[in-house]
Amino acid sequence: MIVVMSKDATKEQIAKVEKELALLGFKTHPIYGEVKTVIGAIGDKSNIKSNTLLTMPGVERIIPIMKPFKLASREFKQTRTCIDLGDVKIGGEQVVVMAGPCAVEDEKSYMEIARCAKEAGASILRGGAYKPRTSPYSFQGLEEDGLKIMAAAREATGLKLVTEVVDTRDVELVASYADILQIGARNMQNFRLLQEVGQSKKPVLLKRGIAATIEEWLMAAEYIMDTGNYNVILCERGIRTYENTTRFTMDISSIPVVKELSHLPIVVDPSHAAGNWKYVPALAKGAVATGADGLIIEMHTNPSSALSDGPQSLRPDNFAVLMKELELVANAVSRTIFKKDQQ
Amino acid sequence: MIVVMSKDATKEQIAKVEKELALLGFKTHPIYGEVKTVIGAIGDKSNIKSNTLLTMPGVERIIPIMKPFKLASREFKQTRTCIDLGDVKIGGEQVVVMAGPCAVEDEKSYMEIARCAKEAGASILRGGAYKPRTSPYSFQGLEEDGLKIMAAAREATGLKLVTEVVDTRDVELVASYADILQIGARNMQNFRLLQEVGQSKKPVLLKRGIAATIEEWLMAAEYIMDTGNYNVILCERGIRTYENTTRFTMDISSIPVVKELSHLPIVVDPSHAAGNWKYVPALAKGAVATGADGLIIEMHTNPSSALSDGPQSLRPDNFAVLMKELELVANAVSRTIFKKDQQ
Amino acid sequence: MIVVMSKDATKEQIAKVEKELALLGFKTHPIYGEVKTVIGAIGDKSNIKSNTLLTMPGVERIIPIMKPFKLASREFKQTRTCIDLGDVKIGGEQVVVMAGPCAVEDEKSYMEIARCAKEAGASILRGGAYKPRTSPYSFQGLEEDGLKIMAAAREATGLKLVTEVVDTRDVELVASYADILQIGARNMQNFRLLQEVGQSKKPVLLKRGIAATIEEWLMAAEYIMDTGNYNVILCERGIRTYENTTRFTMDISSIPVVKELSHLPIVVDPSHAAGNWKYVPALAKGAVATGADGLIIEMHTNPSSALSDGPQSLRPDNFAVLMKELELVANAVSRTIFKKDQQ
Amino acid sequence: MIVVMSKDATKEQIAKVEKELALLGFKTHPIYGEVKTVIGAIGDKSNIKSNTLLTMPGVERIIPIMKPFKLASREFKQTRTCIDLGDVKIGGEQVVVMAGPCAVEDEKSYMEIARCAKEAGASILRGGAYKPRTSPYSFQGLEEDGLKIMAAAREATGLKLVTEVVDTRDVELVASYADILQIGARNMQNFRLLQEVGQSKKPVLLKRGIAATIEEWLMAAEYIMDTGNYNVILCERGIRTYENTTRFTMDISSIPVVKELSHLPIVVDPSHAAGNWKYVPALAKGAVATGADGLIIEMHTNPSSALSDGPQSLRPDNFAVLMKELELVANAVSRTIFKKDQQ
């Protein structure tokens, strides 16, 4: 940690800050510049207390040197984490594709979507049974009935299930059905929910908040990992910017940045990022070429009748074409797309 | 609702969209422009289904004409809502000041802060017993012990209490202590929590999410109001932008915008917006002159030792000076600062 | 400057960086932490070369300690700059109001607006003769004919003139008419234009770019000041964010931040920030209460027929009411509104 | 154009707006909804005057139906524009790579970089002779001497040249050396400069402003095209967001969006977007997979000594590896990388 003193800081103020740092357990190394003094403080105890130094007279700025996340960092674990779901592995050499509708609407349509997803080569089914919707007047999901439909689709196809949980009180129930628990963007800093899904020991797909920095996102992963559950999959789904031709701005750079800072796998959701199915194939290919470990894509047999997010859903025919294109792109970057029946 | 057809839309496509709109219960009014056709659709049934029209061939864009929020809108209720907490009223002619530390740390310091707050003229005490912190390694609050300390301070000073609740499972407990339940920025779209605080019937201070549009913020209020609890106080606390000399960018324009769109009272939190106590007095005065119905300000007797957000806390002496200045600014815009003992 | 070495940096890499710093003229002070080494480098030569250190093996991050602006900083000049335009002074105890239409359209209407502005108490007339418009098909301004109209209005009212210049080739001409040269938001980093208006020796109103940090804005002022022209007035006019109920987000916090970092005066343009005349009075009062040294407000006798930015223009009657309200707010923060005929 | 009247609009106000629209040359089609009236106005005359309707009593909102850009739109020209620079073509089936240092520093190093660029398969050389720098104290470029060095490199390698012009007064000179004139992000709305480069008839590489919407970017292209110069290459180079692990956020979605809205070619600059050479290869591959028509990449033989933007420059060895990888990715999306000597 570096404490920058203001130009006008007095010797007494500098001495007081050094004393305070010593009390907090740091070794101090002052550097007297031509204009300002800075104090190096060794022994980063976490940032709990240090930012209160800012309130001491003469202190201009505190600069942390260590990252605030530990378990999620590459400094903690150098090798990349590969999450094992039985036959499917996320974070390994193969790229994993998750597909399905935004919301589970009824058994018949979900089963059909599930079959299309499998046929085209997806290995994980998505679908929402508990939907966080901006409006209280929108469809909120089928809840446990939706989970049962998903379980039936797993039974029929052999694909794994990822589904969102939105309330601490539902974690146990949702975990009893899902293979991966999804934390949505709106709940990325719902810390109680993070702790609860951590304790469930299920793998967690952690979506990035719409205005979360990569550091905050990794800190959210840290909350889950701090419970002893290290199976966290990061999911980039677009951040909010001023640009409005897309619903969010897909931050493709987060792929190499996350890979540099963390050992956790990262998947990309081009459907929510774009908010428009027309842009999804281009973005999906871009994400794989950039190094994503997987994709989560909305697909619906009848987007016009979807109860949620129809406009961003691919139809099964477009999805099947995309899967073929993705195989080529994956190969170009020395990877393959995981396909269940080819294992 | 206006449906804009693309330049290349065929007559058949236009006819299909009209038919679909009719099925959804709309009366349609096509307008054939020189380049594009647009279809006016009358009878806004809420936006549940209409955006799926986007997926129909030939449809370029859907433009809603009605706002998605109803109960929170001025169209629903023309007169301004004034929330009655006994002697203190929020949203009336008087400006209300809430003050206190970010987190309740121990009884002695909290009681002293409470006394300073009262003496300077605050009418509501703030203080966090459940703290949502970016890092799992930071102080997370005293939980019920903190609430008990707050209740003791209310007893001693007669001031009202506002405190945050972060988990659906805690709402009943927190509501048994608090006069106002606070929903923090990170939970603005934790819809289950919104419904739960709605059902508690307690007044709710609803902080704006760091990347929430004003429309989304009002939709979050709508979730609470939809439970029958109309006592919602909106709280502007800064939005996330690229500018980094302040922690967030206080969106002062939200004050007149909210007053135009909604009947709900709006208060401002300059402390979290700025993240630096030095800017708080200027921003607090600006907020009152712009029309805020209240302020929520962090104050601590010893910011250097605060367990959370010390750098943005005013000391009691600075807070007392600010309260005198705020009185002058409030008078300049034909209001006064509510003070308990002058009622 | 602080050079942070990565966790894996070797002794050799650290030694090489120290050697390079010495070559660049810095004295080095390494601090060996438990995990990482940081190197303090004293003797800030400006940041010209130092960021290339980033490319050296083992270097993780460079942290500048000194601000990059010098002439614009309070460290360079402690007392606040007050720009003297004859009877009007900007940056002193009095708050200055500039008013007028977005574009000069014709002599008759401009003269009428000028008279209304003066009558209500404005001291400087605004008006664009060279308009930077997003569309090449929009009205681009009357050019020198517009400047002549403005000069006639100055003659008739005694008010000073502020007008924008958009091309290096026009600076001399515009400077021969204007009392203050305006640099628009789009040209804040048109460095050649900054140098040219600097050399004109005229006071410059420097609008903040729509995505400029406060540091970049002060660096733009630095370009002007580096020519020897210290008469720079900063103008906050809103930044671009995701929020779209207002055209831009007025960054009111920039007022106290600029006052802390710089000695230059700061004025606020609530009209361009809001893009809607209805919000202008509230924002104008907020800006004065927060500490702005002046306001620049769009006013038009017939906003419905304005060739540019009509929707954000106040009518003279609303402007006159606002001026009375501003007087009260200015008094509440121990200032007055400058009025020509009361001097 | 759709005019939305407010809920409280009177019959007289609606009639007045209809009358005003008729005066402006529109045919009007009112639709009387249950709550609000909207008026469809046919005969979009451009948006010059229409937004002033906003100031008429009873008008709530104006919704344009037509895009404001014409020449740049796919509605104007359906086939994709392919810009012919002799042997190199931009916007065709082949992907074009431009490479070189941020700034031209001296002949020896530039010639060496040029040779490396050619050898690895780049077809266009980049290099700045006029540098817009945030600080007046930074290296500002060699000006005409730099252009002469670039011309010598073209002579030696046969590669084409792209270089930036920053002042209307320099356009003629720069155009006499360059094959493509670059408009930097800071000058995207320097409309005089756009008009001047338009009149030069040289192809123009138009970088997106750091906070420009795609619509504004296309409007800037429109300024150039309005002079009769249709050879505009759009260049995505990252937009400013709150995320700070990269210098800007590369908006990869702009590729499919631009391809949908416009016929102009789009290239991507991953170096300026990321600000860190380590992320450039991943982003470059992602851009090609997403559909970019080209890349512009910073490369320097000795990044540590670069006078500008060293940290984001690839070394020749890394660049050569990347070129091989790009070939594979281009093939995966049915394209090839243009290589001079293979034609």
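Should a chain be cited, it is by its letter among A, B, C and D, assigned in written order, with residues numbered from 1 in that chain.
The working rule: a residue touches a chain if its C-beta (ideal position, glycine included) is under 8 Å from a C-beta of that chain, and two chains touch if they have at least 3 such contacts.
What you are looking at is a predicted structure, and each value in this text was computed from that prediction instead of being measured.
*Asks:* What chain is the most remote from chain D, judged by the mean position of CA atoms in each chain?
*Replies:* Of all chains, B has its centre farthest from that of chain D.
*Asks:* If I rank B-C and A-C by number of C-beta contact pairs, which comes first?
*Replies:* Taking the two pairs in turn, the one with more contacts turns out to be B-C.
*Asks:* Between chain A and chain C, what distance separates the C-alpha centroids? Give it in angstrom.
*Replies:* Result: the chain centres lie 39 Å from each other.
*Asks:* So how far apart, in whole Å, are chain B and chain C when each is placed at the average of its C-alpha atoms?
*Replies:* Using C-alpha averages as centres, the distance is 31 Å.
*Asks:* Show the residues in chain B shared as contacts by 2 or more other chains, in ascending order.
*Replies:* 211, 240-242, 244
*Asks:* In the complex formed with chain A, which residues of chain C make contact?
*Replies:* 2, 4, 7, 29, 31-36, 38, 40, 42-44, 63, 65-66, 75, 240-242, 244
*Asks:* Inside the complex, what are the residues of chain A that reach chain B?
*Replies:* Spelled out, the residues of chain A in touch with chain B are 20, 46-49, 51-56, 68, 132-139, 166-169, 186-187, 189-192, 209-211, 216, 219, 222-223, 226, 240, 277, 303-307, 310-311, 313.
*Asks:* What residues on chain B touch chain C, complex-wise?
*Replies:* Listed in rising order, the residues are 211, 213-215, 239, 241-246, 249-257, 260-261, 273-274, 278-279, 282-283, 285-291, 325, 328-329, 331-333.
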